[in-house]
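Below is one structure, written out as structure tokens; the observations come after it.
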Amino acid sequence: MVIFGFGFFLAFLKRYEFSSTGFNLLIVVLGVQCSMLIDLIFHLPYKNVLDRVAEATVSVTAVVISAGTVLGKTNPVQLILMTVVEMIVFRTSRWINSTFLQVPGKISVMHAPLFGAYFGLAISSRFSEPSPRSEKNASTPKSDLLSMLGTLFLWVFWPSFNSILVANHNERAICNTYFTLAASTVTAFALSALTTKDGRFRMTHIRSAALAGGVAVAYTAQSIKYPWIAMILGQLASVITVLGSYCLQRCLNPAFKIHDASGVHFTFGLPSVLGAFVQEVLFIVNNGTNSPRLVYAVVVHIAAFCLTISVALIVGFITGSILSLKLFKTIPVSKYFDDQFYWEFPHLAVGF
Amino acid sequence: MVIFGFGFFLAFLKRYEFSSTGFNLLIVVLGVQCSMLIDLIFHLPYKNVLDRVAEATVSVTAVVISAGTVLGKTNPVQLILMTVVEMIVFRTSRWINSTFLQVPGKISVMHAPLFGAYFGLAISSRFSEPSPRSEKNASTPKSDLLSMLGTLFLWVFWPSFNSILVANHNERAICNTYFTLAASTVTAFALSALTTKDGRFRMTHIRSAALAGGVAVAYTAQSIKYPWIAMILGQLASVITVLGSYCLQRCLNPAFKIHDASGVHFTFGLPSVLGAFVQEVLFIVNNGTNSPRLVYAVVVHIAAFCLTISVALIVGFITGSILSLKLFKTIPVSKYFDDQFYWEFPHLAVGF
Amino acid sequence: MVIFGFGFFLAFLKRYEFSSTGFNLLIVVLGVQCSMLIDLIFHLPYKNVLDRVAEATVSVTAVVISAGTVLGKTNPVQLILMTVVEMIVFRTSRWINSTFLQVPGKISVMHAPLFGAYFGLAISSRFSEPSPRSEKNASTPKSDLLSMLGTLFLWVFWPSFNSILVANHNERAICNTYFTLAASTVTAFALSALTTKDGRFRMTHIRSAALAGGVAVAYTAQSIKYPWIAMILGQLASVITVLGSYCLQRCLNPAFKIHDASGVHFTFGLPSVLGAFVQEVLFIVNNGTNSPRLVYAVVVHIAAFCLTISVALIVGFITGSILSLKLFKTIPVSKYFDDQFYWEFPHLAVGF
């Protein structure tokens, strides 16, 4: 299961081609090693090594998502520093969650997409925007197709991913994730046709909205009891993503000077918020008593959620400020999204 | 297992690129949801949800194969309607099989490639042919390579697919499918070199014939006892596919005004017929008595086969006639195989 | 597990596109069938068919690696002959190992990358070099990207591959392989930036060195007890690969007239030698006595290693000499690396 969990990380974000594929691999392996090292230093108790690797893998999603927001704008040194800082901060945030709020580790790790999205957005707000007329920022049909391929990989392996840390109710987690993904995909096609002129589909919508369901259901995959709840959740996630992609690109991003090239905010950030909200609603409905214990549990959940998001935003902002110092040889805006800045192009060299 | 079953559906038929990848995903999720809905309405008994999803996945192959015949000629509304109609009709056909002919559900679902191929061919006979000089219909080396990649995915996951519904003899089903695929691939290379001038290989042959083995062995994967039987079956399937691709393209297709762009007839249709035939032969050989009970069983198998193929052809023809009505805004022949008709090409837009 | 083992073979070496993808599939299926046939002829005892297929799959790696050295220089007939000869010779070499040196079959099969690399190098020394100015030999950004995709596949499935034949300590083998791969990937990025001017990355280095860890750990995956040993091994493998790629391309290859287009020597050959050496060191450290029994075991290991490598070199040289006879219609140097020599390009034909 762990192995397949990696399949999609690596296939993900192929559209910036050389840099995104290569650096993505680097981030994943570095993040997992970093996580293992933290475990070793603090002698955290774990059943076995495979479990540890699985948890490290889920944690590293946060870094990969964050990297999506600054992809093409950072050099490898900045990315490596970001990876290390983010792994440590996410670990600390989870440690606070489990120590002060008694949130079990297997639940707090589900905050990874939420943490990654807002950490990345906070960082990207400190980097200067590319000029809107830049052609390097644009996608070509070929890169769109490769990106679609990566999305399909993510789509197919998401159910395994959501069930990777669930000991029991494994089968239910897979089915619920699958139904949510299916519902969000169908809704994505419908909404994309409705919102664009001429009723054409926009690849961006399909990709983001198809995955949104999987992100939204992460918190509740093992607790949803009926398929139709999963389906409604998937539709909601899809609606939020497509609407979000409109509102954010038009209003919010220019206001906060965020340039979110990969659409991380509406693909991972907003569905995560939705997922956390739905988790509370379902929790209240399932344990439908008015006892103080229920109120306490809900307050703890909300506190964990707020804590994660605040830590992500604050530390992300600080990290972004440090990384954009001239010390790290920030890339000039004109060199954004340029593979040739980092890779030799040995078109005539004899090599593997 | 279910998850990997999807891997190939989604990677399949990538050569029409945007439309084929996107619509294929839509068809699969819609088909599975449709199948689940039918199950819910009729309260059909099942052990668990994963089994249901697995069976729905196998059923949806039929729709994906049918979509291959009309790909590039239908708009999304027509495809959605086709998906819903085909899922209902295939379900009905299976219900007739299990009620009147006592064919178990796990065997009748194996008729999916057969049903899908002839349903699709019947539909495509009602759509006007593209002009033979159309350049959009042609493949490029790049699209051929992507298509080969999709075929490799199908190839690798076919053994899992053929064994997905088999409770016992699971290992034997995997091995038999693998041997058949291996034999059909080797034969495909040999035949392709023999039939083309200069002894070159034709990508079309390799792709179709390599998969033909997997289709042919679907009926008998768990009952073949010796590897050499599986290998001979694979060789037969490969021969039929390569010969079929010649005869059909030259003689049959013009006669029936069928335009089968993806070669569905010789990749899935003919090997299925071969597989059903071989199933009968093996059944007679294995239970080599002349008792009336054996005759009865064979008659039932043949009846189930004929029923499936007739239902597919008749309903496919009717569905094709309905879909080609002007009501559904059929695409003009000049717009066939055109991605830009359905997709925004936001080459300069900033998006995910 | 077997099925996924194939995933990477087929996705491997996509850079010569049509020929490499197609011929690679042909080699794998032919090699496995050949191996099964040898098993049948000699009635070798095996528990079950799946185990046999798994072992055949690991054996066929040797052929795929050998094919990498002569890819683009051989015609299909030569490749088929090479596949058959190599499967038989590797089998014989393993039989000698198990009969005279009492090396268990599951360990001797781990010599596959070693055998394949040196068999291939010996063969390629008999083929004339392409002219260094040939443009067909060069890679394009697109083919580099496809090749990176293939490498990622190999990377993801390598842990399954190294643990496929290990009955016990399965989990440990997966984790050790994973740690080695992670360490070698990080080291690959660091070394690539250090060795190229401007501190850019070279795709060739990343690809070769990322995989080198997996090759090096094959011998010791189930016996390494601490993650840090696996990590150091990965770093060593990476260093050897990157340095090797320099030294070999500059000094050794011209001296022996070897043209190793795919970098098989430093990707598979050298890390295998390192892996075998580390195996001895760990064996001595773990059983740290000075008893004659230990010395005997070490001598047996070294003898098995030397035997494998000598058989590979000698038979490879002989096979190369036979294959480069005019009898087999060797390709003229000017036609090296040319897809159009073997494949029809039916860009305007109507086909699947």
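We just call them A, B and C in the order they show up, numbering each chain from 1.
Basically, a contact is a pair of C-beta atoms (placed from the backbone, for glycine too) under 8 Å apart; a residue touches a chain by one contact, two chains touch by 3 or more.
Quantities reported herein were computed from a predicted structural model and do not represent experimental measurements.
Student: Do chain A and chain B face each other with the same patch, meaning over half of the contact numbers show up on both, or with different patches?
Tutor: Homomeric contact, different residues on each side for the most part.
Student: What rotation angle, rounded to the nearest 5 degrees, superposes the C-alpha atoms of chain B onto those of its identical copy chain C?
Tutor: 120
Student: Could you give the separation in Å between the centres of chain A and chain B, each centre being the mean of its C-alpha atoms?
Tutor: Chain centroid spacing, chain A to chain B, equals 36 Å.
Student: What parts of chain A, by residue number, touch at least two of the other chains?
Tutor: Chain A, residues with two or more chain partners: not present.
Student: What does chain B use to touch chain C in their complex?
Tutor: 132, 135, 137-141, 144-145, 148-149, 152, 155-157, 159-160, 171-172, 174-175, 178-179, 181-183, 185-186, 189, 193, 196, 200-204, 206-208, 210, 227, 231, 245, 249, 261-263, 266-267
Student: What residues of chain A sit close enough to touch chain C in their complex?
Tutor: It comes out as residues 2-4, 6-7, 10-11, 14, 17-18, 21-22, 25-26, 29-30, 32-33, 36, 48-50, 53, 76, 146, 339, 341-352.
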